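The data blocks that follow each hold one structure.
One chain, subunit A, appears in both complexes that follow, with subunit B as partner in the first and subunit C in the second.
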Partner chain A sequence: MIHSTFSKGGIHPAACKTTLSGIEALPLPRRAVVPLQQHIGAPARPIVAKGDSVRRGQLIAEAPYAMSAAVHAPVSGTVAALEDALMPDGRRRPCIVITADEATHDADETERMRYWLAIDSMATPDVDADTIKRRVARAGIVGMGGATFPSAIKLAPRDKVDLLIINGCECEPFLTCDDALMRAYPAKIIAGVQMMMKATAIDRAVIAIEDNKPEAAAALAAHAVSAAGVEVKILRTKYPQGGERQLIDAVSGRKVPSGAIPSAVGVIVHNVATAFAVWQAVSTDMPLIERVISISGDIPADQRRNYRAAIGTPFAEIPFTLPPDADTKIILGGPMMGKCTVTLDAPVTKGTSGITVLTDARRQPLMPCIRCGACVDACPMGLEPYLLETYGRLRRWDDARAADVADCIECGSCSWSCPSRRPLLDYIRRAKNRCRQR
Partner chain B sequence: MPPTLTMDKKMIFSPAPHVHRRRTTGHAMLHVLIALVPAVACAIFYFGWHAAAVMAVAVAACLATEWLITTRLLKQKSHLADCSALLTGVLLALNLPASLPLWMVAVGAIVAIGIAKMAFGGLGCNIFNPALVGRVFLLISFPVAMTTWPLPGAPDGATGATFLTLAKNGSPEFAYNVGDMLAGNIPGSMGEVSALALIAGGIYLLAMKVIRIWIPLSIIAGLTAVDLLAGFPPGLDIISGGLLLGAIFMATDYVTSPMTTRAMIAYGLAIGIITAVIRRWGAYPEGMSFAILIMNGVTPLLDRYLRPRRLAPKPART
Partner chain C sequence: MQVVLYSILILGAIGCIGAVVLFFTARRFEVKEDPRIDQVASLLAGANCGGCGFSGCRAFATEAVRRGNLKDINCPVSSADTMARIALILGCTVEVAQRNIAVLRCNGSCQARPQPYAYDGVRSCAVMDAAGVGESACAFGCLGCGDCVEVCRFGALSLDTATGLPVVDPDRCTACGACIAECPRHLLELRPTGRNDRRVWVACASRDRGAVARRICPSACIGCRKCEKACRFGAIDVADNLSYITAADCRACGACVSECPTGAILASFPIRNQSNDPQHIQ
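For the complex of A and B:
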């Protein structure tokens, strides 16, 4: 059977999804570094001071505006500092540092283990739309696919919406965190989707999954049977199937206009992990203090795993060994859109989908453009990357704008497909940023 | 022990994406060379050692010209490894009669690389297909030598008229049988005679996703349309002359052809129509080279006006 897909471009990078199945608990950190800004919007405002003792799940920074997200303590302990700590990009950003002592650490781990052992039997309460929205906002939930847009805002759309799309595509190579979550908690994800439908008064939800994840699709489909208005739709495995505009196109055929958001065409898109977090928040009053991360890439096969990690866990506490004597890249997220980290001291945040270690990822020497058109074929937005690259390189910002550089979703398909190894996206990003500033 | 990021590890940082498909520009050129193997084999099979000599001189002169210009004139590193000069040499040879004096072959190669390619800025910058510029330069400079076609397998130097010349002069129908035209047992330029060898190469290029079908298909469509209007048998027209060689290997040259599907179709249709018009009503019996070169010149305009359709529609102005 040929599954549907988005209508323009797309590429087929090697999937490399070789993590072991299942989700394991990563030990809670003794020292958690919790950034105040793990989302798009304003940073959260701390409501604790140095020396305060906090317990796991307690609100430690509140959202000052709607366009922000609350932050909770991922471990019990003492607030050791409110300081600027190192982020993956090498900059320092305001964080709350919590240190756990032996007793609180053990108590936390016990409580955490009990929670996850009991989760299958936990009931889903019947609550009204306002309660759902309030609890989602209170739990500090943000889009967990990587965009980290505050979820509560998306659950209160201003436009009239009639379709909820749940993104379970996970089209990035290497990453398997959403796959693992869908296989482990299909019933809870469906329940979370129903809560999102209730909150937004949408009566139709489509959970979209690429056809390379048949177990996850089957698990969700089995539970979707009894959920009114929820269906599972299998899409072709093609990057960037999980791109918001591509996904909406693939599922509904609707085209989100340039510069508009999905609700302009009556659609809201949420990630499967977000749906699960919504269920946790509404049903168990659990704030977003843990998430599933994939560790994968050029590391020993038995170290490629999915972990349930506390927000604030330094990357250095994740067990994986870097390849010796090799040029190594440590990427946050997948290899298509992930960013390199310059330090392993930076913490896991709400938007961290995983770590991909790559060797031999050094850029190859570039050659002249031979106008082969591979980038034009690959662009899922129907742009002309070769032209935008030239405009970016020559600083012709007005021409870049006229050629719709603002539509670029930075998926990297153009750079991936270029046989002359031209860094197309580097220049396109530059033009895009410049056009946005002016 | 948790790992730590230490400075003795060679860490790399760069913006996304961090992975890349395997194919390089050199690979693409190699695929085209592989696709040309049947045509080259046919050329040597039908026209013997002199075909091999023309091929060798064309390739050697192309490589030498490119090497001299890049390393001596421009003081750059040699980039012969990208195989593009090699490919130009092979394509030029396939566009020549096997009996062409070797010094003329060398002149054609020097014009192809020196003028059509390097003078415009080298790989990726040329407007016109280098091999075709070389061929047309020779055709205009040495019209007799360039239109003297040896008979396949005739060691005594016997020559014959091509199907298209016969067609121009009046009686095309039974001059050559279709089997010989498909196999290549007819007079013509080295690489154009065997339709089957060219089609095999074309299928390989399509299967390896080196070219897309739009340009060859629309060239054939454009030619057929004119033939039907002019009352000429279109099937014979497709497998005669340089049409298949041009449609599969010359017009699809990345550098000189358009990049969007819509522009490719317009480009192909125009090449087919111009070729048929020259063949039926022009001064030359064959017009494929001219048609491709004319449309090479139009390619930038096609790319400019036949843009890909955006996924995101423009928001309605309020």
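For the complex of A and C:
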């Protein structure tokens, strides 16, 4: 059977999804570095001071602003500092640093193990829409596909919406964290989806999964049978299917107009991991203090795993050996949209989907554009990347704006497809950023 | 012969009719433009840099003639002599505008500042800034790819290969502001000049805490407030671990320059008693 996919452009990078199955618990960190801004919007406001003792799951920074998300303590312990700590891009951002002592650490681990062992038998309560929204906001849930948009805001759409799409595509190569989650907790994800439907008063939800994840699709489909209005749709694998606009097109055929948000065409898109986090928050009152991350790439095969990691865990505590190659790049997220991290001291945040280690990833010398049009074929937004690159390079910002540079979703399909290895996205992003400023 | 004659007559007649039509059309649709606009525009540099706030040199000339004076408008590129000639055309006096010169608020040369990270992407400051902190660990300092040099139309900026930092040629800088808009980290600043074109400025933009800033770059401002205390005119304020000299209050005495323990304050003129190496004096 030929499955549907989005209409314009797209590429087929090698999937490289070779992580071992299952989710392993990464030990809780002795020293957790929790950034105040792990989401789009205003940073959360800390409500603890240096020296305070906090419990695991306790609110440590509130979100009193229109767009923000609350932050909770991932470990019990003492607030060691409120300071600017190193982020993956090398910049320093305000963080709350919590240090755990031996006793609290062991107690936390026991409690955590009990929770995850018992999760399958935990019941899903019947609560009303307002309670769901309130609990989601209280738990500090943000979009876990990487965009980190505060979920509570998305659950209260202003437009009339009639379709909820749950993104289980995971189109980035290497990453398997969503796949692992879907295989491990299909019933809870479906229950989370039903909660989202209730909160937004939508009676139809589609869980979209690419056809390279048949086990996850089968697991979810088996549980979706008994859930009214929830269906699982298998899509033909193509990058960037997980892009919001591409996914809406692939699932429903609706086209989101330029500059508009999905609710303009009556759709809301959430990630599967967000659905699971919603279930956890509503049913078990568990704030977002842990997430699944994928460690993959050019590391020994038995180290390519999915971990359940506490937010604030430094990357250095994740067990993987870096190859000795000097040109190794440690990429946060997948290779297509991820960014290199300059330090392993930076912490796991709500939006961290994983780490991809690539050797031999140094940029190749570039050659002139041969006007082959490969980038135009690849662009999922129907833009002309070669033209936008030229405008970006020559600083013709007005021309770039007229050529719809603002529509670029920065998926990197153009750079991937270029036979001359031109840095198309770099220059397009430069033009996009400049046009946004002016 | 007759053919030639007829041809000349017919074409001549058409020409005459055309000339009459064109004459009256031109009178009817004549656009009256102040001839002074052309005169003013011809005096301007013609680079259309936009430093005056208008879309180009002709737009500036049009606006100047429309106003009839040079109050509140100024071409930063033109010399005082040129402005005086423009004022003569407009029949007004020119107020001598404060001369501005761009300065770089970073002194983290590649020799002094450790470069712990490797970058292999496009050599553009804007691209590098979007990718992360850059090659040095400083999130505020100059990236050294020369985006500012590329946009300068007057050849006033050049990259110093030894330090990796752009250098401003004060004689060529016209304060058009192109480099200021281009720098992704807003490190270039137009500073009004004092007596003898003197300028004193803090060549650092790091808001990191002193200990962190110092570890990242030996010539960073660490917010120690020594300069603030040394200034007799109250021109220096330290906020967010960073010192800033307000140009309007600065008398360019240079007292702060010799006081700074990291050499983060630069002056455009030699300072007596300064222990730092001559590299700090541009």
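Simple rule for what comes next: the second predicted complex is superposed on the first by the 436 of 438 C-alpha atoms of A that agree within 3 Å, B and C clash if a C-alpha of one lies under 4 Å from a C-alpha of the other, contacts with A are read in each partner's own complex, and residues count from 1 in each chain.
Basically, a residue touches a chain if its C-beta (ideal position, glycine included) is under 8 Å from a C-beta of that chain, and two chains touch if they have at least 3 such contacts.
Not measured: the values here are computed from a predicted model.
Superposition of the two structures on subunit A shows subunit C fitting alongside subunit B with no clash.
Among subunit B and subunit C, the chain that touches a larger number of residues in subunit A is B.
Shared-chain residue A:Asp249: touches subunit B; no touch with subunit C. When the two complexes are overlaid on their common chain A, residue A:Arg429 makes contact with subunit B and with subunit C alike. Residue contacts after overlaying the shared chain place A:Arg395 against subunit C, while subunit B stays out of touching range. Contacts of A:Pro64 after superposition on the shared chain: neither subunit B nor subunit C is touched.
Contact with both subunit B and subunit C is seen for A:Arg362 once the two complexes are overlaid on the shared chain. When the two complexes are laid over each other on chain A, the CA centres of subunit B and subunit C sit 70 degrees apart as seen from the CA centre of subunit A, to the nearest 10. Of the two partner chains placed by the overlay, subunit B and subunit C both lie in contact with A:Val342. Once chain A of one complex is fitted onto chain A of the other, the partner contacts of A:Asp84 are limited to subunit C, with no touch recorded for subunit B.
In the superposition on chain A, contact of A:Gly22 is made with neither subunit B nor subunit C. Remark: least CA distance from subunit B to subunit C after fitting both complexes onto chain A is 5 Å.
Residues common to the contacts of subunit A with subunit B and with subunit C across the two structures: 339-340, 342, 362-363, 423, 426, 429. Subunit B meets subunit A in the complex at residues 2-5, 9-21, 23-25, 27-28, 79, 82, 84, 122-125, 254-260, 307-316. Within the complex formed with subunit C, the subunit A residues making contact are 84, 88-92, 339-340, 342, 362-363, 395, 423, 426-427, 429-430, 433-434.
Residues 6-8, 11, 13-14, 173, 245-246, 249, 255-260, 316-322, 326-331, 335-340, 342-345, 356, 358, 361-364, 367-373, 376, 379-384, 386, 404, 407, 410, 412, 415-417, 419-421, 423, 425-426, 429 of subunit A are the ones that touch subunit B when the two sit in their complex. By the touch criterion stated above, subunit C contacts subunit A in their complex at residues 116-117, 120-122, 124, 126-127, 130-134, 137, 139, 150-151, 208-209, 212.
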